[in-house]
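Notes follow the structure.
Letters A, B, C and D mark the chains in the order given here, with residues in each chain numbered from 1 onward.
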(Lines give C-alpha, C1' and ligand atoms only; values in the text may rest on other atoms or scores of the structure.)
Protein backbone atom coordinates (compact mmCIF):
# COMPACT_ATOMS: atom_id res chain seq x y z
CA UNK A 1 0.00 0.00 0.00
CA UNK A 2 1.01 3.60 -0.58
CA UNK A 3 0.71 5.99 2.35
CA UNK A 4 -1.74 8.80 1.54
CA UNK A 5 -1.63 12.43 2.59
CA UNK A 6 -4.84 11.89 4.54
CA UNK A 7 -3.15 9.14 6.51
CA UNK A 8 -0.13 11.34 7.10
CA UNK A 9 -2.34 14.15 8.39
CA UNK A 10 -4.14 11.72 10.67
CA UNK A 11 -0.80 10.50 12.03
CA UNK A 12 0.38 14.03 12.73
CA UNK A 13 -2.91 15.04 14.34
CA UNK A 14 -2.95 12.02 16.64
CA UNK A 15 0.71 12.42 17.62
CA UNK A 16 0.07 16.06 18.48
CA UNK A 17 -3.10 15.17 20.38
CA UNK A 18 -1.17 12.78 22.62
CA UNK A 19 1.37 15.51 23.17
CA UNK A 20 -1.32 17.90 24.40
CA UNK A 21 -3.02 15.20 26.49
CA UNK A 22 0.24 14.27 28.23
CA UNK A 23 1.32 17.89 28.48
CA UNK A 24 4.47 17.31 26.44
CA UNK A 25 6.57 20.18 25.18
CA UNK A 26 5.74 21.51 21.67
CA UNK A 27 6.17 18.70 19.13
CA UNK A 28 7.39 18.63 15.57
CA UNK A 29 6.16 15.71 13.49
CA UNK A 30 7.17 14.55 10.02
CA UNK A 31 5.75 11.69 7.95
CA UNK A 32 7.94 10.10 5.27
CA UNK A 33 6.81 7.64 2.60
CA UNK A 34 8.33 4.18 2.08
CA UNK A 35 11.16 5.70 0.02
CA UNK A 36 12.07 8.24 2.70
CA UNK A 37 10.54 11.22 0.89
CA UNK A 38 8.66 13.89 2.89
CA UNK A 39 4.87 13.64 2.79
CA UNK A 40 3.81 16.04 5.55
CA UNK A 41 5.21 18.02 8.47
CA UNK A 42 4.01 20.28 11.27
CA UNK A 43 5.99 22.19 13.91
CA UNK A 44 4.01 23.35 16.93
CA UNK A 45 4.30 26.92 18.14
CA UNK A 46 7.08 27.33 20.67
CA UNK A 47 9.21 24.49 19.31
CA UNK A 48 12.82 25.37 18.43
CA UNK A 49 12.94 26.56 14.83
CA UNK A 50 15.31 23.90 13.53
CA UNK A 51 13.15 20.93 14.32
CA UNK A 52 12.36 19.83 10.77
CA UNK A 53 15.83 18.36 10.29
CA UNK A 54 15.70 16.58 13.64
CA UNK A 55 12.31 15.00 12.99
CA UNK A 56 13.34 14.04 9.47
CA UNK A 57 16.61 12.51 10.67
CA UNK A 58 14.83 10.24 13.13
CA UNK A 59 12.38 9.01 10.50
CA UNK A 60 14.84 8.88 7.59
CA UNK A 61 17.40 6.82 9.46
CA UNK A 62 14.65 4.40 10.48
CA UNK A 63 13.51 3.98 6.86
CA UNK A 64 16.99 3.63 5.41
CA UNK A 65 18.23 1.10 7.93
CA UNK A 66 14.88 -0.61 8.46
CA UNK A 67 14.83 -0.29 12.27
CA UNK A 68 13.27 2.24 14.67
CA UNK A 69 15.59 5.13 15.50
CA UNK A 70 15.56 3.94 19.13
CA UNK A 71 17.52 0.89 17.99
CA UNK A 72 19.96 3.14 16.12
CA UNK A 73 20.57 4.82 19.48
CA UNK A 74 21.41 1.47 21.05
CA UNK A 75 23.72 0.64 18.13
CA UNK A 76 25.38 4.05 18.46
CA UNK A 77 26.25 3.35 22.09
CA UNK A 78 27.67 -0.07 21.24
CA UNK A 79 29.34 0.67 17.92
CA UNK A 80 29.64 4.46 17.51
CA UNK A 81 31.85 4.15 14.42
CA UNK A 82 29.22 2.08 12.63
CA UNK A 83 26.41 4.55 13.28
CA UNK A 84 28.74 7.39 12.34
CA UNK A 85 29.22 5.68 8.99
CA UNK A 86 25.45 5.34 8.57
CA UNK A 87 25.07 9.06 9.09
CA UNK A 88 27.57 9.76 6.36
CA UNK A 89 26.03 7.21 3.98
CA UNK A 90 22.60 8.74 4.37
CA UNK A 91 23.57 12.38 3.89
CA UNK A 92 23.68 13.09 7.61
CA UNK A 93 19.98 12.41 7.94
CA UNK A 94 20.30 9.84 10.74
CA UNK A 95 19.35 10.74 14.32
CA UNK A 96 20.11 7.80 16.64
CA UNK A 97 17.49 8.46 19.34
CA UNK A 98 13.94 7.24 19.92
CA UNK A 99 11.15 9.06 18.08
CA UNK A 100 11.61 7.67 14.57
CA UNK A 101 8.83 5.11 14.30
CA UNK A 102 8.41 2.67 11.40
CA UNK A 103 4.91 2.51 9.95
CA UNK A 104 3.86 -1.03 8.97
CA UNK A 105 0.68 -2.18 7.27
CA UNK A 106 -1.37 -5.19 8.36
CA UNK A 107 0.95 -7.48 6.39
CA UNK A 108 4.04 -6.11 8.13
CA UNK A 109 5.41 -4.20 5.15
CA UNK A 110 7.08 -0.85 5.88
CA UNK A 111 4.95 1.86 4.26
CA UNK A 112 6.74 4.87 5.76
CA UNK A 113 7.94 6.35 9.01
CA UNK A 114 6.92 9.10 11.42
CA UNK A 115 9.54 11.20 13.16
CA UNK A 116 8.68 13.08 16.35
CA UNK A 117 10.83 15.47 18.35
CA UNK A 118 10.15 17.90 21.19
CA UNK A 119 9.80 16.06 24.47
CA UNK A 120 11.80 13.14 25.90
CA UNK A 121 12.75 10.59 23.26
CA UNK A 122 10.46 8.02 24.86
CA UNK A 123 7.53 10.40 24.79
CA UNK A 124 8.36 11.36 21.21
CA UNK A 125 8.17 7.69 20.23
CA UNK A 126 4.92 7.22 22.12
CA UNK A 127 3.42 10.11 20.17
CA UNK A 128 4.55 8.57 16.90
CA UNK A 129 3.08 5.20 17.80
CA UNK A 130 -0.21 6.85 18.72
CA UNK A 131 -0.14 8.52 15.33
CA UNK A 132 0.39 5.22 13.55
CA UNK A 133 -2.49 3.55 15.35
CA UNK A 134 -4.86 6.40 14.55
CA UNK A 135 -4.19 5.78 10.85
CA UNK A 136 -4.82 2.05 11.10
CA UNK A 137 -1.14 1.18 10.96
CA UNK A 138 1.28 -0.50 13.32
CA UNK A 139 3.95 1.79 14.73
CA UNK A 140 7.28 0.13 15.51
CA UNK A 141 9.12 2.50 17.81
CA UNK B 1 4.32 39.13 14.31
CA UNK B 2 5.36 35.48 14.33
CA UNK B 3 3.67 33.11 11.93
CA UNK B 4 1.76 30.40 13.80
CA UNK B 5 1.23 26.78 12.86
CA UNK B 6 -2.50 27.48 12.61
CA UNK B 7 -1.78 30.17 10.04
CA UNK B 8 0.52 27.85 8.15
CA UNK B 9 -2.15 25.17 8.06
CA UNK B 10 -4.67 27.71 6.81
CA UNK B 11 -2.29 28.79 4.07
CA UNK B 12 -1.72 25.21 2.94
CA UNK B 13 -5.43 24.38 3.03
CA UNK B 14 -6.36 27.46 0.98
CA UNK B 15 -3.59 26.88 -1.57
CA UNK B 16 -4.72 23.30 -2.00
CA UNK B 17 -8.37 24.38 -2.24
CA UNK B 18 -7.54 26.73 -5.13
CA UNK B 19 -5.68 23.89 -6.79
CA UNK B 20 -8.76 21.66 -6.63
CA UNK B 21 -11.07 24.47 -7.71
CA UNK B 22 -8.93 25.28 -10.76
CA UNK B 23 -8.27 21.59 -11.47
CA UNK B 24 -4.52 21.99 -11.08
CA UNK B 25 -2.22 18.99 -10.91
CA UNK B 26 -1.45 17.64 -7.40
CA UNK B 27 0.25 20.36 -5.36
CA UNK B 28 2.97 20.32 -2.76
CA UNK B 29 2.97 23.26 -0.38
CA UNK B 30 5.51 24.32 2.24
CA UNK B 31 5.34 27.22 4.69
CA UNK B 32 8.57 28.68 6.05
CA UNK B 33 8.88 31.14 8.91
CA UNK B 34 10.67 34.49 8.72
CA UNK B 35 14.01 32.76 9.32
CA UNK B 36 13.47 30.32 6.47
CA UNK B 37 12.82 27.35 8.76
CA UNK B 38 10.13 24.80 7.89
CA UNK B 39 6.84 25.23 9.72
CA UNK B 40 4.49 22.93 7.77
CA UNK B 41 4.33 20.93 4.56
CA UNK B 42 1.87 18.76 2.65
CA UNK B 43 2.32 16.80 -0.58
CA UNK B 44 -0.89 15.81 -2.35
CA UNK B 45 -1.37 12.23 -3.54
CA UNK B 46 -0.09 11.74 -7.07
CA UNK B 47 2.57 14.45 -6.86
CA UNK B 48 6.13 13.35 -7.74
CA UNK B 49 7.86 12.09 -4.61
CA UNK B 50 10.69 14.63 -4.60
CA UNK B 51 8.56 17.72 -4.28
CA UNK B 52 9.53 18.79 -0.77
CA UNK B 53 12.91 20.07 -1.96
CA UNK B 54 11.36 21.94 -4.89
CA UNK B 55 8.70 23.67 -2.77
CA UNK B 56 11.26 24.50 -0.11
CA UNK B 57 13.70 25.90 -2.69
CA UNK B 58 11.11 28.30 -4.05
CA UNK B 59 10.20 29.60 -0.61
CA UNK B 60 13.70 29.56 0.86
CA UNK B 61 15.22 31.52 -2.00
CA UNK B 62 12.43 34.07 -1.66
CA UNK B 63 13.09 34.51 2.06
CA UNK B 64 16.87 34.65 1.77
CA UNK B 65 16.93 37.18 -1.07
CA UNK B 66 13.79 39.03 0.01
CA UNK B 67 12.02 38.79 -3.35
CA UNK B 68 9.42 36.39 -4.76
CA UNK B 69 10.96 33.40 -6.55
CA UNK B 70 9.36 34.63 -9.77
CA UNK B 71 11.77 37.56 -9.66
CA UNK B 72 14.67 35.18 -9.08
CA UNK B 73 13.63 33.53 -12.35
CA UNK B 74 13.85 36.86 -14.16
CA UNK B 75 17.25 37.52 -12.58
CA UNK B 76 18.42 34.04 -13.61
CA UNK B 77 17.60 34.72 -17.26
CA UNK B 78 19.43 38.05 -17.16
CA UNK B 79 22.33 37.17 -14.89
CA UNK B 80 22.61 33.39 -14.62
CA UNK B 81 25.98 33.53 -12.88
CA UNK B 82 24.53 35.68 -10.11
CA UNK B 83 21.65 33.34 -9.38
CA UNK B 84 24.05 30.39 -9.58
CA UNK B 85 26.06 32.05 -6.82
CA UNK B 86 22.92 32.58 -4.74
CA UNK B 87 22.20 28.88 -5.00
CA UNK B 88 25.65 28.09 -3.72
CA UNK B 89 25.39 30.64 -0.91
CA UNK B 90 22.11 29.25 0.29
CA UNK B 91 22.97 25.54 0.29
CA UNK B 92 21.36 24.91 -3.08
CA UNK B 93 17.94 25.77 -1.73
CA UNK B 94 17.08 28.36 -4.39
CA UNK B 95 14.58 27.59 -7.18
CA UNK B 96 14.35 30.52 -9.63
CA UNK B 97 10.75 30.02 -10.80
CA UNK B 98 7.40 31.45 -9.70
CA UNK B 99 5.65 29.74 -6.80
CA UNK B 100 7.72 31.04 -3.89
CA UNK B 101 5.52 33.73 -2.37
CA UNK B 102 6.57 36.15 0.37
CA UNK B 103 4.14 36.46 3.27
CA UNK B 104 3.78 40.02 4.58
CA UNK B 105 1.78 41.32 7.50
CA UNK B 106 -0.39 44.47 7.45
CA UNK B 107 2.68 46.60 8.11
CA UNK B 108 4.57 45.10 5.18
CA UNK B 109 7.03 43.07 7.24
CA UNK B 110 8.03 39.67 5.87
CA UNK B 111 6.76 37.02 8.27
CA UNK B 112 7.52 33.98 6.14
CA UNK B 113 7.05 32.46 2.70
CA UNK B 114 4.92 29.82 1.07
CA UNK B 115 6.35 27.60 -1.67
CA UNK B 116 4.03 25.81 -4.09
CA UNK B 117 4.90 23.34 -6.85
CA UNK B 118 2.87 21.00 -9.03
CA UNK B 119 1.18 22.95 -11.81
CA UNK B 120 2.46 25.77 -14.02
CA UNK B 121 4.65 28.20 -12.14
CA UNK B 122 2.02 30.92 -12.52
CA UNK B 123 -0.67 28.69 -11.08
CA UNK B 124 1.64 27.63 -8.29
CA UNK B 125 2.11 31.29 -7.36
CA UNK B 126 -1.64 31.96 -7.53
CA UNK B 127 -2.23 29.13 -5.11
CA UNK B 128 0.37 30.54 -2.74
CA UNK B 129 -1.19 34.00 -2.87
CA UNK B 130 -4.64 32.53 -2.19
CA UNK B 131 -3.12 30.81 0.82
CA UNK B 132 -1.66 34.03 2.13
CA UNK B 133 -4.95 35.88 1.85
CA UNK B 134 -6.85 33.13 3.65
CA UNK B 135 -4.54 33.65 6.62
CA UNK B 136 -5.02 37.42 6.68
CA UNK B 137 -1.65 38.11 5.10
CA UNK B 138 -0.49 39.71 1.88
CA UNK B 139 1.13 37.30 -0.57
CA UNK B 140 3.82 38.80 -2.81
CA UNK B 141 4.28 36.35 -5.68
CA UNK C 1 2.26 -1.99 -6.59
CA UNK C 2 5.84 -2.36 -5.42
CA UNK C 3 8.48 -3.12 -8.01
CA UNK C 4 10.14 -6.49 -7.30
CA UNK C 5 13.73 -7.52 -7.87
CA UNK C 6 12.53 -10.08 -10.41
CA UNK C 7 10.89 -7.29 -12.38
CA UNK C 8 14.02 -5.19 -12.13
CA UNK C 9 16.12 -8.08 -13.43
CA UNK C 10 13.69 -8.60 -16.30
CA UNK C 11 13.90 -4.91 -17.18
CA UNK C 12 17.70 -4.96 -17.21
CA UNK C 13 17.84 -8.18 -19.24
CA UNK C 14 15.43 -6.85 -21.87
CA UNK C 15 17.18 -3.48 -22.12
CA UNK C 16 20.49 -5.25 -22.62
CA UNK C 17 18.97 -7.65 -25.16
CA UNK C 18 17.78 -4.73 -27.28
CA UNK C 19 21.23 -3.24 -27.04
CA UNK C 20 22.79 -6.43 -28.43
CA UNK C 21 20.09 -6.81 -31.10
CA UNK C 22 20.62 -3.24 -32.35
CA UNK C 23 24.38 -3.48 -31.95
CA UNK C 24 24.49 -0.60 -29.44
CA UNK C 25 27.63 0.19 -27.49
CA UNK C 26 27.96 -1.49 -24.05
CA UNK C 27 25.05 -0.42 -21.85
CA UNK C 28 24.75 0.30 -18.15
CA UNK C 29 21.26 -0.08 -16.72
CA UNK C 30 19.89 0.82 -13.29
CA UNK C 31 16.41 0.26 -11.89
CA UNK C 32 15.16 2.51 -9.07
CA UNK C 33 12.05 1.99 -6.98
CA UNK C 34 9.25 4.54 -6.63
CA UNK C 35 11.21 6.38 -3.94
CA UNK C 36 14.33 6.69 -6.07
CA UNK C 37 16.29 3.99 -4.21
CA UNK C 38 18.50 1.57 -6.14
CA UNK C 39 17.01 -1.88 -6.74
CA UNK C 40 19.38 -3.38 -9.34
CA UNK C 41 22.19 -2.39 -11.69
CA UNK C 42 24.41 -3.96 -14.35
CA UNK C 43 27.28 -2.46 -16.34
CA UNK C 44 28.25 -4.33 -19.50
CA UNK C 45 31.90 -5.16 -20.18
CA UNK C 46 33.63 -2.42 -22.12
CA UNK C 47 31.44 0.40 -20.76
CA UNK C 48 33.29 3.33 -19.14
CA UNK C 49 33.80 2.59 -15.46
CA UNK C 50 31.85 5.57 -14.11
CA UNK C 51 28.52 4.68 -15.63
CA UNK C 52 26.63 3.89 -12.44
CA UNK C 53 26.31 7.57 -11.54
CA UNK C 54 25.20 8.49 -15.05
CA UNK C 55 22.52 5.81 -15.23
CA UNK C 56 21.34 6.67 -11.71
CA UNK C 57 21.20 10.40 -12.51
CA UNK C 58 18.94 9.84 -15.49
CA UNK C 59 16.54 7.67 -13.53
CA UNK C 60 16.70 9.63 -10.27
CA UNK C 61 15.95 12.98 -11.90
CA UNK C 62 13.00 11.38 -13.67
CA UNK C 63 11.59 10.03 -10.40
CA UNK C 64 12.16 13.21 -8.40
CA UNK C 65 10.64 15.57 -10.97
CA UNK C 66 8.06 13.11 -12.30
CA UNK C 67 9.01 13.43 -15.98
CA UNK C 68 11.30 11.38 -18.29
CA UNK C 69 14.89 12.63 -18.32
CA UNK C 70 14.42 13.46 -22.02
CA UNK C 71 12.03 16.21 -20.92
CA UNK C 72 14.56 17.47 -18.39
CA UNK C 73 16.92 17.86 -21.36
CA UNK C 74 14.37 20.02 -23.14
CA UNK C 75 13.84 22.07 -20.00
CA UNK C 76 17.61 22.48 -19.59
CA UNK C 77 17.88 23.98 -23.08
CA UNK C 78 15.01 26.40 -22.41
CA UNK C 79 15.66 27.27 -18.78
CA UNK C 80 19.20 26.18 -17.86
CA UNK C 81 19.09 27.94 -14.48
CA UNK C 82 15.99 25.99 -13.46
CA UNK C 83 17.48 22.60 -14.29
CA UNK C 84 20.72 23.67 -12.61
CA UNK C 85 18.69 24.28 -9.47
CA UNK C 86 17.06 20.85 -9.76
CA UNK C 87 20.49 19.26 -9.88
CA UNK C 88 21.46 21.00 -6.67
CA UNK C 89 18.16 20.16 -4.96
CA UNK C 90 18.54 16.49 -5.74
CA UNK C 91 22.17 16.07 -4.65
CA UNK C 92 23.52 16.39 -8.18
CA UNK C 93 21.73 13.22 -9.23
CA UNK C 94 19.94 14.76 -12.24
CA UNK C 95 21.10 14.02 -15.80
CA UNK C 96 19.04 16.05 -18.29
CA UNK C 97 19.27 13.71 -21.30
CA UNK C 98 17.09 10.91 -22.67
CA UNK C 99 17.54 7.47 -21.14
CA UNK C 100 15.77 7.92 -17.80
CA UNK C 101 12.43 6.21 -18.34
CA UNK C 102 9.52 6.32 -15.90
CA UNK C 103 7.97 2.94 -15.11
CA UNK C 104 4.19 3.09 -14.79
CA UNK C 105 1.77 0.34 -13.84
CA UNK C 106 -1.51 -0.38 -15.65
CA UNK C 107 -3.22 2.35 -13.61
CA UNK C 108 -0.62 4.94 -14.59
CA UNK C 109 1.07 5.18 -11.20
CA UNK C 110 4.84 5.64 -11.19
CA UNK C 111 6.37 2.51 -9.65
CA UNK C 112 10.01 3.29 -10.42
CA UNK C 113 12.36 4.29 -13.20
CA UNK C 114 15.00 2.67 -15.38
CA UNK C 115 18.13 4.59 -16.36
CA UNK C 116 20.16 3.52 -19.38
CA UNK C 117 23.43 4.94 -20.66
CA UNK C 118 25.97 3.81 -23.24
CA UNK C 119 24.74 4.54 -26.74
CA UNK C 120 22.93 7.59 -28.16
CA UNK C 121 20.42 9.05 -25.72
CA UNK C 122 17.56 8.01 -28.01
CA UNK C 123 18.80 4.45 -28.16
CA UNK C 124 19.33 4.45 -24.39
CA UNK C 125 15.68 5.45 -23.93
CA UNK C 126 14.52 2.80 -26.41
CA UNK C 127 16.36 0.17 -24.42
CA UNK C 128 14.72 1.36 -21.21
CA UNK C 129 11.28 1.28 -22.78
CA UNK C 130 11.89 -2.24 -24.06
CA UNK C 131 12.85 -3.20 -20.54
CA UNK C 132 9.65 -1.75 -19.11
CA UNK C 133 7.49 -3.62 -21.59
CA UNK C 134 9.21 -6.92 -20.87
CA UNK C 135 8.19 -6.53 -17.22
CA UNK C 136 4.56 -5.79 -18.04
CA UNK C 137 4.94 -2.07 -17.35
CA UNK C 138 4.60 1.06 -19.45
CA UNK C 139 7.86 2.91 -20.04
CA UNK C 140 7.55 6.68 -20.41
CA UNK C 141 10.75 7.85 -22.05
CA UNK D 1 42.53 -9.90 -14.92
CA UNK D 2 39.50 -7.66 -15.20
CA UNK D 3 36.33 -8.68 -13.44
CA UNK D 4 33.51 -9.27 -15.96
CA UNK D 5 29.82 -8.61 -15.59
CA UNK D 6 29.19 -12.34 -15.91
CA UNK D 7 31.48 -12.94 -12.94
CA UNK D 8 29.73 -10.21 -10.98
CA UNK D 9 26.35 -11.79 -11.72
CA UNK D 10 27.68 -15.17 -10.62
CA UNK D 11 28.96 -13.66 -7.38
CA UNK D 12 25.63 -12.04 -6.63
CA UNK D 13 23.66 -15.18 -7.47
CA UNK D 14 25.85 -17.36 -5.24
CA UNK D 15 25.76 -14.90 -2.35
CA UNK D 16 21.98 -14.77 -2.57
CA UNK D 17 21.76 -18.54 -2.85
CA UNK D 18 23.69 -18.97 0.41
CA UNK D 19 21.37 -16.43 1.99
CA UNK D 20 18.32 -18.48 1.01
CA UNK D 21 19.98 -21.77 2.02
CA UNK D 22 20.88 -20.43 5.48
CA UNK D 23 17.56 -18.62 5.83
CA UNK D 24 19.23 -15.23 6.17
CA UNK D 25 17.23 -12.02 6.03
CA UNK D 26 16.85 -10.41 2.57
CA UNK D 27 20.30 -9.55 1.23
CA UNK D 28 21.60 -6.67 -0.84
CA UNK D 29 24.77 -7.41 -2.79
CA UNK D 30 27.03 -5.10 -4.76
CA UNK D 31 30.11 -5.97 -6.82
CA UNK D 32 32.75 -3.30 -7.39
CA UNK D 33 35.66 -3.53 -9.82
CA UNK D 34 39.32 -3.07 -8.91
CA UNK D 35 38.89 0.72 -9.11
CA UNK D 36 35.95 0.73 -6.72
CA UNK D 37 33.38 1.44 -9.45
CA UNK D 38 29.99 -0.27 -9.38
CA UNK D 39 29.64 -3.26 -11.71
CA UNK D 40 26.40 -4.86 -10.52
CA UNK D 41 23.92 -4.73 -7.65
CA UNK D 42 20.76 -6.48 -6.49
CA UNK D 43 18.51 -5.77 -3.50
CA UNK D 44 16.21 -8.61 -2.49
CA UNK D 45 12.54 -7.97 -1.87
CA UNK D 46 11.86 -7.04 1.74
CA UNK D 47 15.29 -5.50 2.36
CA UNK D 48 15.30 -1.92 3.72
CA UNK D 49 15.24 0.51 0.79
CA UNK D 50 18.52 2.27 1.59
CA UNK D 51 20.76 -0.78 1.32
CA UNK D 52 22.70 0.19 -1.81
CA UNK D 53 24.76 2.73 0.12
CA UNK D 54 25.47 0.28 2.92
CA UNK D 55 26.58 -2.53 0.60
CA UNK D 56 28.67 -0.10 -1.43
CA UNK D 57 30.29 1.35 1.69
CA UNK D 58 31.44 -2.08 2.87
CA UNK D 59 32.97 -2.95 -0.50
CA UNK D 60 34.33 0.50 -1.31
CA UNK D 61 36.12 0.89 2.00
CA UNK D 62 37.66 -2.56 1.49
CA UNK D 63 38.94 -1.65 -1.98
CA UNK D 64 40.24 1.78 -1.01
CA UNK D 65 42.11 0.61 2.09
CA UNK D 66 43.00 -2.82 0.73
CA UNK D 67 41.60 -4.80 3.66
CA UNK D 68 38.26 -6.54 4.28
CA UNK D 69 35.67 -4.28 5.92
CA UNK D 70 35.71 -6.62 8.93
CA UNK D 71 39.24 -5.38 9.62
CA UNK D 72 38.07 -1.78 9.27
CA UNK D 73 35.61 -2.56 12.07
CA UNK D 74 38.46 -3.75 14.30
CA UNK D 75 40.46 -0.63 13.44
CA UNK D 76 37.43 1.54 14.20
CA UNK D 77 37.14 0.09 17.70
CA UNK D 78 40.85 0.64 18.36
CA UNK D 79 41.38 3.93 16.57
CA UNK D 80 38.01 5.52 15.87
CA UNK D 81 39.54 8.84 14.79
CA UNK D 82 41.57 7.08 12.10
CA UNK D 83 38.59 5.31 10.58
CA UNK D 84 36.59 8.54 10.79
CA UNK D 85 39.28 10.17 8.68
CA UNK D 86 39.14 7.33 6.16
CA UNK D 87 35.42 7.92 5.83
CA UNK D 88 36.04 11.57 5.08
CA UNK D 89 38.83 10.79 2.63
CA UNK D 90 36.69 8.35 0.70
CA UNK D 91 33.52 10.44 0.38
CA UNK D 92 31.81 8.76 3.30
CA UNK D 93 31.72 5.44 1.49
CA UNK D 94 33.37 3.41 4.28
CA UNK D 95 31.36 1.02 6.45
CA UNK D 96 33.55 -0.52 9.16
CA UNK D 97 31.75 -3.84 9.61
CA UNK D 98 32.14 -7.31 8.12
CA UNK D 99 30.50 -7.97 4.76
CA UNK D 100 32.91 -6.15 2.44
CA UNK D 101 34.96 -8.96 0.93
CA UNK D 102 38.02 -8.46 -1.26
CA UNK D 103 38.04 -10.49 -4.49
CA UNK D 104 41.47 -11.89 -5.37
CA UNK D 105 42.54 -13.87 -8.44
CA UNK D 106 44.75 -16.98 -8.38
CA UNK D 107 47.86 -14.76 -8.23
CA UNK D 108 46.54 -12.86 -5.21
CA UNK D 109 45.81 -9.62 -7.04
CA UNK D 110 42.76 -7.67 -5.93
CA UNK D 111 40.29 -7.63 -8.84
CA UNK D 112 37.35 -6.11 -7.00
CA UNK D 113 35.17 -6.45 -3.91
CA UNK D 114 31.74 -7.71 -3.03
CA UNK D 115 29.65 -5.94 -0.39
CA UNK D 116 26.81 -7.77 1.34
CA UNK D 117 24.32 -6.44 3.88
CA UNK D 118 21.11 -7.77 5.36
CA UNK D 119 21.85 -10.37 8.01
CA UNK D 120 24.49 -10.44 10.75
CA UNK D 121 27.81 -9.03 9.61
CA UNK D 122 29.39 -12.47 9.85
CA UNK D 123 26.71 -14.03 7.70
CA UNK D 124 26.98 -11.15 5.24
CA UNK D 125 30.69 -11.88 4.88
CA UNK D 126 30.05 -15.62 4.47
CA UNK D 127 27.66 -14.86 1.63
CA UNK D 128 30.25 -12.66 -0.04
CA UNK D 129 32.93 -15.35 0.26
CA UNK D 130 30.57 -17.94 -1.22
CA UNK D 131 29.97 -15.53 -4.10
CA UNK D 132 33.69 -15.15 -4.71
CA UNK D 133 34.27 -18.90 -4.78
CA UNK D 134 31.44 -19.48 -7.24
CA UNK D 135 33.21 -17.13 -9.64
CA UNK D 136 36.53 -18.91 -9.32
CA UNK D 137 38.01 -16.22 -7.09
CA UNK D 138 39.30 -16.09 -3.54
CA UNK D 139 37.17 -14.05 -1.16
CA UNK D 140 39.02 -12.35 1.67
CA UNK D 141 36.41 -11.40 4.26
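Note that contacts are C-beta pairs under 8 Å (C-beta built on N, C-alpha and C of every residue); 3 or more make two chains touch, one makes a residue touch a chain.
Predicted, not measured: the structure shown is a model, and the values here were computed from it.
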### Query
Roughly how many whole angstrom separate the Cα centroids of chain B and chain C?
30
### Message
How many angstrom lie between the centres of chain B and chain D, each centre taken as the mean Cα position?
### Response
44
### Task
With chain centres taken as the means of their Cα atoms, state the distance from chain A to chain C in Å.
31
### Query
Which positions in chain B touch two or more other chains at once?
49-50
### Task
Specify the contact topology among the chains shown, as one of line, ring, star, complete or other.
other
### Message
Per the touch rule above, enumerate the chain pairs that touch, sorted by label.
### Response
A-B, A-C, A-D, B-C, C-D
### Query
Which residues, counting only chain A, touch chain B once they are in their complex?
2, 4-5, 8-9, 33, 35, 37-45, 49-50, 52
### Query
Which residues of chain B touch chain C in the complex?
47-50, 53-54, 57, 73, 76-77, 80, 83-84, 87, 92-97
### Message
For a test of understanding, state which residues of chain A touch chain D in their complex under the given definition.
### Response
34-36, 63-66, 79-82, 84-86, 88-90, 110
### Message
Give the list of chain A residues in touch with chain C in this complex.
### Response
2, 33-37, 91, 109
